[in-house]
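Going in written order, the chains are labelled A, B, C, D, E and F, and every chain counts its residues from 1.
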Amino acid sequence: MHEDGLTEVKNPSQIFLSERNKDVTGAVVTASIEGSRPVLLEVQALVTPTNFGNPQRVTTGFDYRRLSILLAVLEKRAGMRLSSHNVFLNIAGGLKIDEPAIDLAVCAAVASSLKNQPAKNNYVVLGEVGLGGEIRSVGHIEKRIQEAEKLGFKNVIIPQNNVKSIKSKNSINLISVENIVEAIEKILG
Amino acid sequence: MHEDGLTEVKNPSQIFLSERNKDVTGAVVTASIEGSRPVLLEVQALVTPTNFGNPQRVTTGFDYRRLSILLAVLEKRAGMRLSSHNVFLNIAGGLKIDEPAIDLAVCAAVASSLKNQPAKNNYVVLGEVGLGGEIRSVGHIEKRIQEAEKLGFKNVIIPQNNVKSIKSKNSINLISVENIVEAIEKILG
Amino acid sequence: MHEDGLTEVKNPSQIFLSERNKDVTGAVVTASIEGSRPVLLEVQALVTPTNFGNPQRVTTGFDYRRLSILLAVLEKRAGMRLSSHNVFLNIAGGLKIDEPAIDLAVCAAVASSLKNQPAKNNYVVLGEVGLGGEIRSVGHIEKRIQEAEKLGFKNVIIPQNNVKSIKSKNSINLISVENIVEAIEKILG
Amino acid sequence: MHEDGLTEVKNPSQIFLSERNKDVTGAVVTASIEGSRPVLLEVQALVTPTNFGNPQRVTTGFDYRRLSILLAVLEKRAGMRLSSHNVFLNIAGGLKIDEPAIDLAVCAAVASSLKNQPAKNNYVVLGEVGLGGEIRSVGHIEKRIQEAEKLGFKNVIIPQNNVKSIKSKNSINLISVENIVEAIEKILG
Amino acid sequence: MHEDGLTEVKNPSQIFLSERNKDVTGAVVTASIEGSRPVLLEVQALVTPTNFGNPQRVTTGFDYRRLSILLAVLEKRAGMRLSSHNVFLNIAGGLKIDEPAIDLAVCAAVASSLKNQPAKNNYVVLGEVGLGGEIRSVGHIEKRIQEAEKLGFKNVIIPQNNVKSIKSKNSINLISVENIVEAIEKILG
Amino acid sequence: MHEDGLTEVKNPSQIFLSERNKDVTGAVVTASIEGSRPVLLEVQALVTPTNFGNPQRVTTGFDYRRLSILLAVLEKRAGMRLSSHNVFLNIAGGLKIDEPAIDLAVCAAVASSLKNQPAKNNYVVLGEVGLGGEIRSVGHIEKRIQEAEKLGFKNVIIPQNNVKSIKSKNSINLISVENIVEAIEKILG
């Protein structure tokens, strides 16, 4: 995490809530674990038609090859025509994330920009995406949910396989999903 | 291994059993050695026809060049037309594996996705693949078999050359294989 | 930061004020945090039409992939035809900067060179640029503003979301912006 | 060397003797020095016709550029048409070798796969290959020969220039070679 | 700096004075700071017409991307047709330099080879080049000038903005320049 | 330097004298400094016509970009048509050399293979090559000459600018050269 800015507020997740442009497409909030504490962050995608040659895939803060694989899953399992589009992916705030728990947020941000449909407000999105299109469980699920709740979010998309491992009682609304098609339908407005 | 999730359960191999989507193609379970302990993991492949230009090969958690060589073996020794297909390969859970003992699981996952046939349920697949298509022995064979047994798997595909080195008595069913064609026939349903 | 020259003057930001060629296009001043102290620096862009083949993107002192993403934002959100232009980007003085707070200065330098319009004199430009074209807040905003003021600048472009976090009273003129189109209009002369 | 398997047997070279599929093409045994002890290993090559575009060269466990140079030597000095073939090269067991002493084994494995002729049984192959096609001497020649003998091999191909440096009496048959054409004739069956 | 040769003479800058082939094109002397002491060095460029395909840019001892940017400046600000030429750049003696103070020497060496005009004898060239074509000041200017004087050079090209910072009295002739076009005219014979 | 072989003989340079195939083209002996002691080594080049597409340049043990620059010098200053040839370069024995003192040996080896003319016997070749085609002096010249003499060589090609720095009396024949064309004429038989 960069040393600037985030250290000025008590909770590093708080700062970006005010940044959220609620109607913009291609932006999805997720929760990652940095060290041992949860941090909310915004995944941003920009999808544009490819004019000529090979489609561009550019990413900052997220593994390039992981993005390529997630795009193949969206193409094959959710029928999105991404091979004729350029895809740009960014983690806002200059963060660098390397855990599969944000896979689903990446997929949803790409889908949101491609379809030109904003993601629903007040949603945090959690889940690893398998090559079969299945949503796989993520670790530290309760820490992530509690952080979302603390910052005022009303809904969390979680993997079906994580449901049993949640013991704490949350006032936030938990929406479980099993595969990529169902998940994107529930995330986009 | 990523620090998230897997540390929350007593046995790191247990978590993914519940994740297994039994009818999906392109997913094969194998056992790797991390440090000195065995860990079960799922290799996932997604094979799609190449529309134009060079076929894509993208891999996360597994060596890119090793995948290229295994695809050449599948093409030459098992007659699969992979040069006209894109191949995406992923180790589920964000693991990074660098040992040839999972070669056969990689090959079987690719074959499963290409042929659109799921791998058999309850199988763990072990074996290095040589360029002649022969299945070569793997180290720590007993540790791997015991882990598969402990997690409730019923069958393990093992290299023929490992048979003699197994001294312990296992209740799990051991199926030995000598070459890639025979192995894939026994793994796919 | 290179060990040469800048250490000879009392304030590392002072040296480049004299260098500023006030009518040249493609040059924009911003403030970055090096260690814990602010430093003013000049972002320089040179945009030329692409004669044949793929457009060139070359950058020294700034991440190549970040530039690619910012160019996509300028193309999509501000309607600039950058895919038919080569873009060269340089941080003057041999500095290497890796924080999103200079995003807006990079975008403005590119826009200035493309449109052949110099940036306004006496402006320092601050802001992260999101993929939706929104200008996001930056950390250490007051340190950066004070450095600009100390060196004699009259105006600072700041993100709208930073306005509330500024407690100190500054004689320098603060101009807040919310999106990339509005920001570039206010920066170019 | 990978930590798995090889540590379970007394002599690390022994394990692969049982793996040897004697009639397969493209496999040649050589001896390398790991730390200070000799280890026998199998070099495997797979050569296939190039269907379109540039020929592929993929290698695991051996330097990519060294392979390119050895292929040029085979083409120029031994008249093999490798520029119209894909070449895959692998060191069995996941070993990574970086010494020119296995050059001749690499060349012989490639020639064996290209010509579809297995290498002779019971041969261990030693020698650096120069760009003139000459076979150059290798260090630790006696250690390598003794390891081959201990594991039951009957013949060792050695560089002519190493003959004088061998003082010990070996029961294994030493076959000296001076250039690449002569060497490959003696190695292939 | 390489350990050979330069350590045999009292002053590392002296050795190359005798090497200077005074009529050759593409060679320009500059002064860099290594650690804390100045060292004179020769920048060499070789510019040849591009026969087919993309122009080659190859550099040893200097950053590849920095060269690309300087070539764009020469093309745009000084009207040189470099996109149809290959450019090879070398720092003589195997030195590796990473400071913008030698930018102008690099530009002058390229211009000298392109125009087939040798640089003037007895000149040392100092200056950072901005993307607007302006010559920017360099640090440690007095150390560099003194080294040039000590080794018998008669003229130093310096940035206009450095003039005020020079307090010492030098017998060497100081020629100040403000932009790339003017500078190259003064450097080439 | 690799740990094998060379440590078995008293003088590391001695071993390769016996390896020298005196009539082969593309092989030139030079002397490099490893740590503080001189070592003789053989540079090998293989130059073949390019059948289609871009010419290949592959190198082991020597910097790829340095080779590209030396090839440009040979093309421009000595009129050799290398852009229509593949060039493979190797330092025999697996050595890795990074000093410009072996430039001239590299150039001579390439020229020898291109022209199909062996280099003269009994010659050791020393010299850095500048982009103007001039032969520049090398450090530790006396150490290098003495090593060549000790191993029985009769002639050493040295840069003209090194002549004055040689104080010791050698029985070996010193042949000084000033530029690349003259040098290659004196080296090839």
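One rule holds in what follows: a residue touches a chain if its C-beta (ideal position, glycine included) is under 8 Å from a C-beta of that chain, and two chains touch if they have at least 3 such contacts.
All of these numbers come straight from a predicted model, not from anything done at the bench.
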item: Shared interface partners, meaning chains that touch subunit E and subunit F; value: none
item: Intersection of contact partners for subunit A and subunit C; value: none
item: Most distant chain from subunit C, judged by the mean position of its C-alpha atoms; value: D
item: Maximum centroid distance from subunit B, chain identifier (CA atoms); value: E
item: Subunit B and subunit D, separation of their C-alpha mean positions in angstrom; value: 29
item: Rounded Å distance, subunit B centre to subunit E centre (Cα mean); value: 57
item: Intercentroid distance (Cα basis), subunit C paired with subunit B, Å; value: 50
item: Category of the chain touch graph - line, ring, star, complete, other; value: ring
item: Ring order of chains, beginning at subunit A and proceeding to subunit C; value: A, C, E, F, D, B
item: Residues of subunit F that touch subunit E when the two form their complex; value: 33, 54, 63, 65-66, 68-69, 72-73, 75-76, 83, 98-101, 128, 130-134, 136-141, 161, 165
item: Complex contact set, residues of subunit D against subunit B; value: 2-8, 15-16, 18-19, 21, 24-27, 42, 44-46, 48, 51, 53, 56, 58-60, 86, 88, 90, 92-94, 113
